[in-house]
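Labels run A, B and C following the written order; every chain starts at residue 1.
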């Protein structure tokens, strides 16, 4: 079953590929048989198998979106399922050498050494490495991969799976629902605070591979947790597809923060549906950094369904050559006294295009709701493009809504000032860009903040302000 | 002109087109264009809510078959109500009824200097034919949707204003567009302000009968040539039973300036595209919008600020207030084309919600394809600030007076950008009359 | 001396503003816990106290701010219970407050606003929609008052408090007081945010506009504001109560020594103050 692909050396830290060695790979293409096969290999219960097949029908019936970015994917030319190892390893040493090398290069074990609460690493379709601090497990915290959760926590999964994002939501949510594999499952019991971030890494190694992880996070009443994910893939000549679904449920008084640093290779279509439901006085925070991919279409959403619920969304997008970052956020105020705050920063460079697309919706009866949106964009050269498409829909008068957006280039005075202190123009630009995204970076765990700044510096290399 | 023997009620149909529209005296190029537009009208689908631009606008209440494409002008002429006419000292006036001119005057000195205020259709084959031919439809995309095609196929009458090179017209030119009961106005307006000329043009719409239905399906093209200055006010004040579909577009050339104000008060359903094209270095435009909707009015305004070249500046401020079950839509876009360096674009939309059942959608937008630019937009919505009400109350104003004051102040900020005193004051007065008791507190 | 005024039944006091056992909550949180205060026309009262002690709350409650709920006690003006009246009704009966940070009303010109206010307050029975005071008459008076306060007449064309500097805001408030000629005025930190010269100017202005004929409640930290308006009484608030009342010498003493001695003297109230401050921090 294993296939071999030539390795063409490292371009940067993330743009390397390991030899492809697989225990199992389903054939290319998408139909009922493939979906049934995935379900069979995973030994899934009947309801999940039916859920997948129903989702496939929905996927096939839905047209491609006509807005956003240009999607050029042949759905029949993709591997929907690859299994890299036989089983999930619990200690690092047990992992196959190739995968270990890959994750070593990504610095995942280091992350673990820094006392992180748990790490899940997903390689192709399956989660291959997982650990969870013992004390958390004792307090009833569940952090496992989605496949295991379906087997071991069937009641919990069945109660919530697909309730926040049903397959009918959009074409790619339907696709994910049909062929999902891996992803994280988190349950935090009432009143439990997970002090350290829970982490996951996703990586696509094979060419023409689709990755369809499915994440479900349930934070029970008065509990809190912070989940961090990073994504990478090497550069292949053909496009790959990443279509994840992330569902978050924040019960009364809960706090959830979900941080993503997305650094897919520049030929990945990253079409992700992320949505949270926030109940009374709950707080949901999305922190979203989009640096990689050919096209990202991702609009983390928060539905505030009970009074006092809050949403904070902070996002940074960097679109460089050949990239289109169509990212944004959605907040639905469906109850009184709910509030949301959105800060979006984007940078376009070398012909890249970044678009902010957002929705603020205040439903009738959501009195005393507040929403504030600020979008700032930097364009670094004359070949690049920046768009802002915020939608504001109000059905209630007793609210306070503010939206501001601006697009500009790096200020000449700022550049001059830094250069007058001895920096080159390129250094100065990089520094200004780093300052521009500082509001996001300072919200990241330390090692991600360092990484983020490094990635920005890489993106900025060779650019003259 | 010999009219064909008119049967009753010719509608916007093939029969109507071939019986009364096509045979009208017009140059061949114009007739040819009409024919193409009519074909497009027949082919294009009716707008529906799956189209992004119509997603928020419900057209089901509109029935084209209720309107005729041509009706003779009544004799004797009815009295034309106008809020602005008695208050403006003008350089010239034109009054249209159902889109067709019933009178026009130009101050004799200006007439001698070449100022034209005329019926557009009549001018098609006159001394200005070539000028009109060069400009007509250049800014109006009649393939854009079914209403645009209808307009280009069926338009009659209309208004042509030409301000010759270097002529500075101090006082406003007033166009009162009136609509009789159950009639349609498909008039086209063409305004050309030639190089280094200056003028102020005010269009006011007015329904003869406050309770009768009406249809406006019109287009306005405005050319502000190099170095020219135009202040243009379009004051849409139909009754609340009128359907208003309008496309207006202005092209502002190098070193030219335009101040463009839209008042949107009337209409049962209004769908307007207002487009500004800055097409030359140092062109500049200020765009003001005042929207006030009540009862079940639906007002949808789509604005666009196109920066085609560098060193251009646009500044848009739209303010809307709504009460009862009204629905306001404002969708704005600033587009900066590649290479349009040192463009400065601004757009802002503030909304005041005066009832629990009103609804507002505001969708600002930026598409920036050049780097050395400054583009900003802002939008706010909410109800009247209780702290402001309290403050005014501590100075002896009743709650109602305080509210009215705050709402008036809200609009004053945009009215203050209008540099024509008489127009500003008249608009302010009309809005003040419309601001009724604000009943919300509970 | 104070006991004497307290004992007198308020309805026997025409020309008097009385606050009787006033308890006020904001968003359900008690701020004032039984305030008693009586001001006669012609008197100047200074109200002092640390931040958060409830001074501004007292002023806003007297003016009838809707967020400031009176849970117990009452406010009387010339013997009439005004606790339930709307703010504009209180204003028309002769109450005025100069706010510390007056809210901006964009788009509304100061002159138009004041003409409306003056028309209502001079003619408390004016019905909505009735004529305002004649423009000429009003303009003349406005010009005079602005001259007196050394204000540029152009200032009246600006939007109410919109983009005003600290000094401009305070002067605009004093201008309103001069035009509205209230019976009783509450000046909430009319000195805050002003430099020494501006405070002196404000202080003089207050005296010049005939404050002596009014009853004044001056909420202040600044001795200089009292320079031209020496208080007949000084009250000190702590944790929502008036804990001490004295003459002008008390104000001087507090300026010299601060509030710590008072806290030592009233340890229970000081503990309450600390608890309230703690709650706020959360």
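Criterion: contacts are C-beta pairs under 8 Å (C-beta built on N, C-alpha and C of every residue); 3 or more make two chains touch, one makes a residue touch a chain.
Everything quoted here is computed from the prediction, not taken from an experiment.
S.K.: What chains do chain B and chain C have as common neighbours?
M.R.: none
S.K.: Which chain is most remote from chain C in terms of Cα centres?
M.R.: Checked the centroid distances; the maximum from chain C is A.
S.K.: Determine the centre-to-centre distance between chain B and chain C, using the mean Cα coordinates as centres, and give it in whole Å.
M.R.: That gives a centre separation of 50 Å.
S.K.: Could you grab the centroid distance between chain A and chain B? Build each centroid from C-alpha atoms only and quote it in angstrom.
M.R.: Each chain reduced to its C-alpha mean, chain A and chain B end up 45 Å apart.
S.K.: Taking each chain's centre as the mean of its CA atoms, how far is chain A from chain C in angstrom?
M.R.: 55
S.K.: Got the chain B residues that touch at least 2 other chains?
M.R.: none
S.K.: Within their complex, state which residues of chain C touch chain B.
M.R.: 63-67, 86-88, 90-92, 95-97, 99, 102-109, 113-114, 116-117, 120-121, 124, 128, 159-160, 176, 180
S.K.: Spell out the residues on chain A that touch chain B in their complex, using ranges where they run on.
M.R.: Spelled out, the residues of chain A in touch with chain B are 67, 364, 377, 379-409.
S.K.: Which of the residues in chain B come into contact with chain C in the complex?
M.R.: 385-388, 390-402, 405-406, 408-413, 416
S.K.: Would you pull the chain B residues touching chain A in the complex into a rising list?
M.R.: 52, 338-339, 341, 351, 353-383, 440
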